[in-house]
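Note that the chains are named A, B, C and D in the order they appear, and that numbering of residues resets to 1 at the start of each chain.
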Amino acid sequence: MKKFAGERLSSEEMKEVTHEEWAPAVKYAWSCGEAMSRFLNELKKGKLIGRKCHKCKRVIFPPKMFCEFCFRPTDEWVYLPDTGTVMTYSLSYLDKDARRIEEPILVGVIAIDGASEHMGIMHYFSEMDPDDLDFGLKVKAVWKPEKEREGSVTDIKYFKPLEGEK
Amino acid sequence: MTRVAIVGAGCTDFRSITPEVSWKEIMYKAASRAYHDAGVDPRRDVNSFITCAEDYWEGFSIFDEFTPDQVGAVLRPMITTCGDGIYGLANAFMQIKTGLMDVVAVESHSKISDLITYRDVVLFAFDPVYNRPLGGHPYYIGGLEMRKYLQKTGATEEDCAHVVVKNKKNAMKNPMAGHEADLTVDQVMKSQPMFEPLKKLDIAPLSDGAVVLVLACEEKAREITDNPVWIRGVGWASDTCWLEQRQWWRAVYTEIASKNAYKMARISYPRKEIDFAEVDDKFSYKELQHIEAAQLCPPGQAGRLVSEGYFDADGAFPVNRSGGSLGCGNLIDASGLQRALEVVLQLRGEAGSRQLDGETGVAVSWRGVPTASGASIVLGVDP
Amino acid sequence: MRHVACIGAGMTMFSRRLKETGKEMCFEAARMALDEAGLELSDIDTVVCGSAPDAFDGIHMKGENLLDGCGGAKKPYMRVFTGGGTGVLAPIAGWWHVASGVSDVCMVICEEKMSSCFPHPQSAFAHIWDPILERPLQPNLVWIFAMEMNRYMQVHNISKEDIALVSVKNKGNALDHPSAQLAAKITVDDVLNSEVMAWPVQRLDISPPSDGAAALIFAAEDKVGPITDNPVWVEGVGWCIDSTMWTNRDLYFPQYVARAAKMAYRMAGIHNPFKEIDVAEPYDPFDYKELHHMEGLLLCKKGEAATLTKEGVTQRDGDLPTCPSGGLLGVGNPIAATMGVKACEIYWQLAGKAEKRQVADARTGVCQAWGDLMQYSSVMVMRS
Amino acid sequence: MTFVDRIERPEDFRHWLGDMEAEYVYTSGIAGDPFLKELKKGKILGTKCDNCGKVYVPSRMYCEECFVEITRWVEVPNDGIVDTYTVVHVDRDENLLEKPEVWAFIRMEGTDGGFVHKLNVLPEDVNIGMPVKAVFKSKKDREGRITDILYFEKP
């Protein structure tokens, strides 16, 4: 057996050698459970909600029924404003199928006000000049109209800079 | 080197659907009960965490990402073992034996009710070039095995029906069980033939549930509890993965795994030195196959003996007093921990109305169709 | 705790596509390791398989399908899987198989066949996200690395030029590696002019998806004598996982890497990593990650890695040769099988078998893997 | 009680639909490619390990037990023996099939391997040890896949 063995294939040869193709049916209906069910139901009402742990005093967002630092049940629901601060961001020139796009998708992590430090979610940004997207920028959620909301993180269309920011 | 004991056990009950908890929450429930049972704080006292899971059962490309928070492993050593729960116990056993870890938590769960296309995922485990293109319902493997087992041992379909009747009746006394029933052999024999000779009631129904066991080195075990359950021996093995090479009627993996576990436990006559067993019964004939492979009865005799009540709760050698997978429900990769949990409860005298007397028990697991892999663990009240 | 030594290593070619099936790749890597150690499969008593997402090879319970190629038939055989961290965690599992006394000689095989996921492994990466919080946004995996790189550059004020030096170094080092997929003599400008994928990540900042397998054999101290007079001892192991919620932590410093490194260094008796370690193989799927992980491995102070790279400290003839193999950027990134350019490379370096890549008189080495949602790290320290 | 707040109305529980689907292309490998190319011509090949003499069908690049590379190819007759069989009554969605199918493991004569495949035999006529022969699709329908063998039936 020779060392560092292996027969390279080009993408065309991949289909020339005998092969099998398959596309499995793999579908799920994940139970959202206590925390995520409430989180999604509140999103449908245009609200953000977190959970507070009285021992470490953290307001956890997105909410969890247990505190992972103290390993105990979290104590109370806490409504949070739909404003926050940009923790980090990127300008993606690839769409979801990794195809090149000219207008970049603005995406980043938004730490939600009222939650503990760094408690954030990933989301889009829009209604802004990409050059203004920066660390520490104050942003606000832009919601879909109520009748279009279905209880999903996409009920928020994107975040845009807070008035008076830029 | 230190000895290793199980000092804490926790589980949820086994139900076919659990819409009220997410996978995180079902894991947290079992973990918080296990830590309460052991009286340990995972954030301070547990040094290492192990989860047993497979991506496609859960629905994530890397399920390992979604496990730490709910078992208390944030910023702690944790791994995912792609195997049955007893494989996780084996890893924990080895980690403690090295002396690097003193207390290790092992978690395994099933949230299989979240998976809509279960049979397609099972077929997705078949060899993509030689077996999968034929399609069909993947459990035909069970039919092929059962036919060969009956032919080679002379056991009958009625013997296999006795296994179903015994286990589902045993489950009547198990509050955690989800598929208990009082059946007759005739009812089982008349259930819908699926993959002859395998019938509908010969197949353990799927179930959700989570089990967490806490292991500790000898010194810590004596501090934590006054009735530790000692791991006397553990073994795991695989026969070839090729269907075309396999011994269809013998559970070669259990033969090798049990031989290794007994060697470690210094057991030379399993039938005499072991008092009861919990063996995998995802299909009825598998229980008989595993009993023989684990040397718990003379070769080829399991069928006759089960029909004579030899393995009943009040028989000479109780097997699956918990109700097994047939009675509790098939927890997929958590079945191994489900079996080990019952042995732990029995040895701690906490099995309530199911209580057996005995000082040594063995748990045997199988990873299900299409694998030929399984593990065995020997537990005892003294090391 | 029994002392455990590496006594043989092997790996296949890393390539965007290989003709071999997953099993066949495992056999090729295992056979090379057995040949190097002068052993046969009968000398091996346990086998550990490390392989990352089943969604790449397209086989559920992939470990079961690979087992005959790994030599696991009729043997104790087990698969461990911790995302990208499998490349060093699997050898650590091989270590505890032997150090615990349960096994005398354990063979660890890592494999990945990303080309089965057609047309691009990107569609498998689409399922690593939280189904409720992240998948509805249809994210591309590169987004999170771009966000981490952006934050790291911002906190330490590091320029793209400094980071590009890593890609130039590693792709150049890979010219000396027989398995290399993307070895090339490139310049910083090539990196800065390459196609922007998700700013600040550009095409030449990234390692390619690959097919490949690697193998490593461990033996207990009392078994090493007759096998080899050139064993490389495992002195320290460490592994750590952080919370699932990568959006709940500051990404500029990998806390979980530091914890895994401290665990390994404490076991190996290392107090000043920069001085005591002669060669390092941090995980480098992206050029900025080598710097990020050098700091996580406590090889230098936070934000200092870029300066060391600029001063040539991390060159093969520098004070701290880093990724002499060419790493993931140059040789390829078959996720779990990166063991070949991390753990196996450190073994070859310390055993003096790295041929053209050999670092002069290297006695102590560290290798590291990193994975999951930027939350897992495994570290192994070896000494000859 | 694990949680201190519980949802009390079942309809408030949500489920989130999703999948883990992608497309896959599997190369048949170093040993698989020649095997399937010959299968397309109606011939069955095996590989024989020179070390232990084992003949693998389907062909293998290495011997599982000796763990050495195999390079010797042997042609194998299309005849085999039914080693075990089952009568399948349901499809993958567990709906009843109109006509039950007979599936079997057929050990090929003179080899240590064989095929898991379908039998074109009535359920009542099948028994273990019964000789059968591979029946191929028509030449033009063959694609170099395991399904080029339609089924096995009595010779």
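Annotations for the structure displayed:
As a working rule, contacts are C-beta pairs under 8 Å (C-beta built on N, C-alpha and C of every residue); 3 or more make two chains touch, one makes a residue touch a chain.
Quantities reported herein were computed from a predicted structural model and do not represent experimental measurements.
Looking at contact counts per chain pair, the maximum sits at B-C. Rounded to whole angstrom units, the spacing between the C-alpha centres of chain B and chain D is 28. Centre-to-centre separation of chain B and chain C, using mean CA positions: 33 Å. Distance from the chain A centre to the chain B centre is 37 Å, each centre being the mean of its Cα atoms. Taken residue by residue, chain C touches two or more other chains at 17-21, 31, 55, 58, 68, 73-74, 115, 118-119, 124, 126-127, 131-132, 243, 245, whereas all remaining positions touch fewer. In chain B, the residues touching two or more other chains are 19-20, 25, 28, 32, 55-56, 59-61, 68-69, 74, 120-121, 123-124, 128-129, 133, 240, 242. Of all residues in chain D, those touching 2 or more other chains are 2-3, 6-7, 13, 15-16, 18, 20, 22-30, 32-33, 36, 64, 69, 145, listed in ascending order.
Contacts between chains leave no pair untouched here, as each chain touches all the others.
Those residues of chain D whose C-beta lies close enough to touch chain C in the complex are 16, 18, 20, 22-33, 61-62, 64-69. By the touch criterion stated above, chain D contacts chain B in their complex at residues 2-3, 6-7, 10, 13, 15, 18, 20, 24, 26, 28-29, 32, 36, 56-58, 64, 83-94, 101, 103-105, 112-118, 123, 128, 145-147.
Contacts from chain C toward chain A in the complex involve residues 10-20, 25, 28, 31-32, 35, 58, 115, 118-120, 122, 126, 131-134, 136-140, 142-143, 146-148, 150-151, 154, 178-179, 195-201, 211-212, 243, 245, 247-251. The touching residues of chain B, when paired with chain D in their complex, are 19-20, 25, 28-29, 32-33, 55-56, 59-61, 119-120, 123, 128-131, 133-138, 140, 142-148, 151, 192-198, 240, 242-245, 248-249. For chain D in complex with chain A, the residues that touch the partner chain are 2-7, 12-28, 30, 32-33, 36-37, 69, 144-145.
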